[in-house]
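Both of the next two complexes hold chain A, though its partner changes from chain B to chain C.
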Partner chain A sequence: MAVTNLTEPIFQSETRNSTLILSKFTPENITKKNIGLAAEFSLPENDPVRIFGLPKKMLLEFRILSKPCSVVRGVTVETKELLDNAKERSSLDMRVVLTGRSGCGKSYLLLQAVEYCKQNGWIVLYIPRATNLVNSTTPYVYDLRTQIYSQPTFAYQTLQRMLTVNRPTLDALELQTALVLEKQTVPAGTTLSALINIALKDKSKASCMVILETLLKELSEQTKYPVLVAVDEFQALYNKTMYRDPHFNTIAPYHLSMPRLLMEYASGRRSFAKGAFLGAVNDSDPMYPMPLELRDALQIEYMRPMSPYDKRSAGIAEYTKGLRALSVPEKLTLAEATSLFEIWMKDRALATVNPDTTFLSKYVESGGNPRDFVWKGILSTIEA
Partner chain B sequence: MNVLRTSVHLLPATRLPRHAIQRAYATTARPFVPPAQLRDLDNPGPRRGDRQGGDREPRQRVKPPPESPSFYTSRPVYYDQIIQLEKAIGQVRGSLKTLQLLPLPAFARASLPPLHPVWKTQDEMTLDFETKMTTTRYRKVTKLLSQLNEYNRIARTAGCTELADGIDSIVSMFESGKKDAFLARGKRKVVILDEFGRSYTVGRRKTSSARVWMIPVRQEKKESPKAVAVEEELNMEELFGVERAAEPETVKMEQVKVTTSTILVNNLPLNEYFSVPADRERATRPFKVAGVLGAYNVFAIVRGGGTTGQSDALLQGIAKGLVAHEPELTTMFRRAKLTRRDPRMVERKKTGLAKARKRYTWVKR
Partner chain C sequence: MHILGVNLPDSHLARFALTNFYGIGHKTAHRLCARLQVHDKCKVKDLSPFQVTALASFLSSPATSPTLPRYPLATPDYVPPSPNTPAQELQARFAAIRAKRVENRARRGTDPIVYKDTLKDIKVESELRREIRENIAHQRMIGSYVGRRHAMHLPVRGQNTQSNAKTARKLNQMDRY
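Now for the complex of A and B:
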């Protein structure tokens, strides 16, 4: 029987109203009183989540849930306060990397920061999977002018997404100096959205990288709107890439245009007049583990005894200067865990006779770790 | 012996044959007296170093009488003890008869509470009695002691504490030091909490073992100030004899402070040590059955075997620890088979078989 023939109401799961009724994730809702509040992400058409995408595990979770949502945690309020302070200051002062144990909620916190900034009128550049910049999935070509390998396709996609997400603000900003390209000269006074459209019209994508760099330069000089650059899987930028040069040598990440761009903003070589840089590390992929240089810079404990004779790349270490670590707590508090449990309960993930016992037992078993609590606790349990 | 020989000589010669009268090895006609016998102990001669001579007073020596009549026997301590025990039995029997506790009817004797004695071993008694305790002697002693033990049972049940204490003082001399251990054999060792209130238990499964320390989570008690104020008000009202108007009862929702258990296995949190959810659920099962999920913190060191074996060992260790903290759970856990050590072990491989049970492929020819 074809799917279209299933007309009975029991099969119409997508149109059925969700039992999950939650408050909205708005800047006003992020307060100390609201710690433990389950908030739903309202995703309009130009939301960063829809346009830029999501990390793999979060995408899967949002597919299972009937609505994309998260819990306001204590660390969310802390990050909000940090961002509020950074609104009027240069991004040199606010280059923060979210660190913590595996599954403690770094990617979720980064997403909450991105949503908060977007709703507060910031210009947002969100890179949910930085491994895609270094794992040789996007084309690369050697650029004689800059003497590094540029990634035109990724630059093109980034420009496209930035335009979609930040169109109103980009319409309001203008180019300060004229830009000379190969085929044309873009005069001063052009809106930044028009500038991006020039790049998008170019089929060869040759000028994408130049235009992206110019765009970011303009954004870093303007003081009307603060800019947030959020990068998930941040540690991948500091590892060896999968790219090879014509002599089959590994290309260092700072010799590729996109990683280099991000690393320069991270290390403070370039900065926004108003804005912040947020990174989140990820230890799900053993191909891109946490490198030694980042561990040194962020003062994260070593997995095994380290000595000064262990190999450290000086080039990469240069790009880790000035990074600050924000440690995400490894345990959920009871209030936060209760809220998370209730989200899944309301979404009919559990058929339990005694929800209190189930909740407390899952909390104890997972030790408060959010990912284990949801995936190995709530979703994998075989007990009533 | 020599006396016998000389008497042979003194018999009439006609009776004995000639070779018997005059034997080649016969020495003298006189009996042999050892020189020590000839010494006069009461009047010893002048001492070798003594030149002065003269009259000396004969030494007065009065032999002290021996302490006990069995001094001259070969086993004085043994016989003394036997005599003492028999005397004691006699006395006790007399006392019990006076108290009309003897002879005891059969139904009363059957209803006496048990009092299992554990006497010293033969070797231990050998040291005590300073003589080799053969089986016969040991049985004799233990028979007397058992008799005393029976009287002790009767006296204690009847409430004659003085008499019973007297018997105890005698009997305790012959009781083995390993009495407690012997009587407790086969029973589960009682777990005692240490000075911080921690229990230490061990759980095992296959080749894994888990050493588990459990401590109750500290509960913070807060006294609400409102309750105190209300009480004071009431007292004032009562003092002045003013009648209070009936107030509607308000149901106050008490804020329940929820505590959580932290389980550390080999110094790692439970979710880090056991990645499989089933193993984690096994560790919390005793808490769920008992209904004390957030009440205890657990620290365990597990060793040996694989993940499942270790998690089962941890389960047993936690269950035993819970029973130590709350003895009322003993029956419930025994019925839920949580404190039971699963006896299943890996079966050995047998000769002629590929594995413990697997046979080689049967070939017709």
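Now for the complex of A and C:
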């Protein structure tokens, strides 16, 4: 039967009002008193989530939920305080990588940080899937001037997205020094949005990488707005890439333009006058595991006994200097877990008679791990 | 798209479409894509005109293709020159670095490093077919067992003939390719 023939009210799920009524995720709602509050992300047209995208697993969850939402946790309040301190300080002091067990909520916390900063008027650059920079899915070409492999299409996309998300702030900022390109000179005083438009008009995308670097350089020198660079799947930038040079040698990540740019901000070689760098590691993809050099820098425990003979790349280790780990708690507290349970319960994901016993049993079975609690606990009640 | 008489479907990934050439398998195709700086997920329709001409000129005669230069890779502290530096100046700087490298090696008395380019040894299409034809003709000329079996349309490599051997009876010929 065709979908249009299903006219009974029970099939009209799209038009039915959602029973999920939640508070909004705003900076005022992130307080110690509100730990355990379920908050909905209001996604305007130029929201980072809509424009930059989401990590894979989070995208799936948001598709299943009737509204994209999350729970305000203790670590959210901690991160908020860190970001408030970072607002007036250089990003050299705030280069943090969110670490923790698989499924403990690092990507969600990063997203909450991005939303918080956007709503507080920061300039935001969010890269939800850093693996796409190194898995040979975007064009690359060697540039003799910079002596690295440029990724013009990704630079073009990043410029387009940054312009859409941060247009009002970029309209207010201007180029301090003239930029001399091959074919034209961009005079000083041009707004940063006009500078980005020059790159977007260029069909060959040849000048995109230069303009992206100039844009970030201008953003790092200005002190009017703090800048947040948030990178999910951060460990992919420190692994071997899938790219090959013309002699079939593997290209190191710091010899590709986009990873190199991000790694320079991560390692403090470049920094924003006001802002922060946040990364979140991800262990869903075995192609890009947590590398030794990052484990050393962030002081994360090794999976097996390590010896000095284990290979470490000096080049990659150069770009891990000064990174700080922020450990996301493995367990949800009872208040947070209750809130999360209620979100799914109100969204009619629960197929049980007695929610209280189900909640306690699933909480104990998953050990408080957020992903296991939702996927192996709550959503598995449908199968049972 | 047609390159050297072979149709490469536009919607296919370039890395796998190249295997449509006789004599190019997955490994050679991967190396060819690396040589042309074609990323893994590039479709044939996304190949730039420069890449297509480079591919066609390479495959028309792999042995006589120009040697690829080894371009330098930036150190962590490298500061690039300004964007309006002309390309000739950059090439001149690179040529100067290369000449200095050669001079240093000559002064030290060490031999220049010879890098093996495996792609130069490949044969494709008509050249490869000619080589196989010549090999079969050579086996016949010297009067070997292999040559006789090709001439008799029978299996060459010691397979059973009491049963099966249908493919050999159909395909094993002197003018096979």
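The rule is short, and it goes like this: the second predicted complex is superposed on the first by the 377 of 384 C-alpha atoms of A that agree within 3 Å, B and C clash if a C-alpha of one lies under 4 Å from a C-alpha of the other, contacts with A are read in each partner's own complex, and residues count from 1 in each chain.
Here is the rule we go by: contacts are C-beta pairs under 8 Å (C-beta built on N, C-alpha and C of every residue); 3 or more make two chains touch, one makes a residue touch a chain.
As the structure is a prediction and not an experimental result, all values here were calculated from the model.
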{"item": "Fit or clash between chain C and chain B when superposed on chain A", "value": "fit"}
{"item": "Winner by number of chain A residues touched, once chain B and chain C are compared", "value": "C"}
{"item": "Contacts of A:360 with chain B and chain C, given as first, second, both or neither", "value": "first"}
{"item": "Touching partner for A:200 - first (chain B), second (chain C), both, neither", "value": "neither"}
{"item": "Partner chain(s) touched by A:377 [first = chain B, second = chain C, both, neither]", "value": "first"}
{"item": "Partner chain in contact with A:334 - chain B first, chain C second, else both or neither", "value": "first"}
{"item": "First, second, both or neither for A:273, with chain B first and chain C second", "value": "neither"}
{"item": "Centroid geometry (CA): angle chain B/chain A/chain C, rounded to a multiple of 10 degrees", "value": "100"}
{"item": "Chain B versus chain C as contact partner of A:141, first or second or both or neither", "value": "second"}
{"item": "Closest Cα approach, chain C to chain B, once both complexes are overlaid on chain A (Å)", "value": "26"}
{"item": "Contacts on chain A seen with chain B and repeated with chain C across the two complexes", "value": "none"}
{"item": "Residues of chain B defined as touching chain A within the complex", "value": "258, 260-263, 269-272, 275, 277-278, 280-281, 283-284, 287-288, 291, 293-294"}
{"item": "In the complex, chain C residues that touch chain A", "value": "30-31, 33-37, 39-42, 46, 68, 70-74, 76, 78, 80-85, 87, 90-91, 94, 115, 117"}
{"item": "Contacting residues of chain A [partner chain B, same complex]", "value": "334, 357, 360-361, 363-369, 372, 376-377, 380-383"}
{"item": "In the complex with chain C, residue positions of chain A that touch it", "value": "135-142, 144-149, 179-182, 207, 210, 242-248, 252, 254-255, 269, 315, 318-319"}
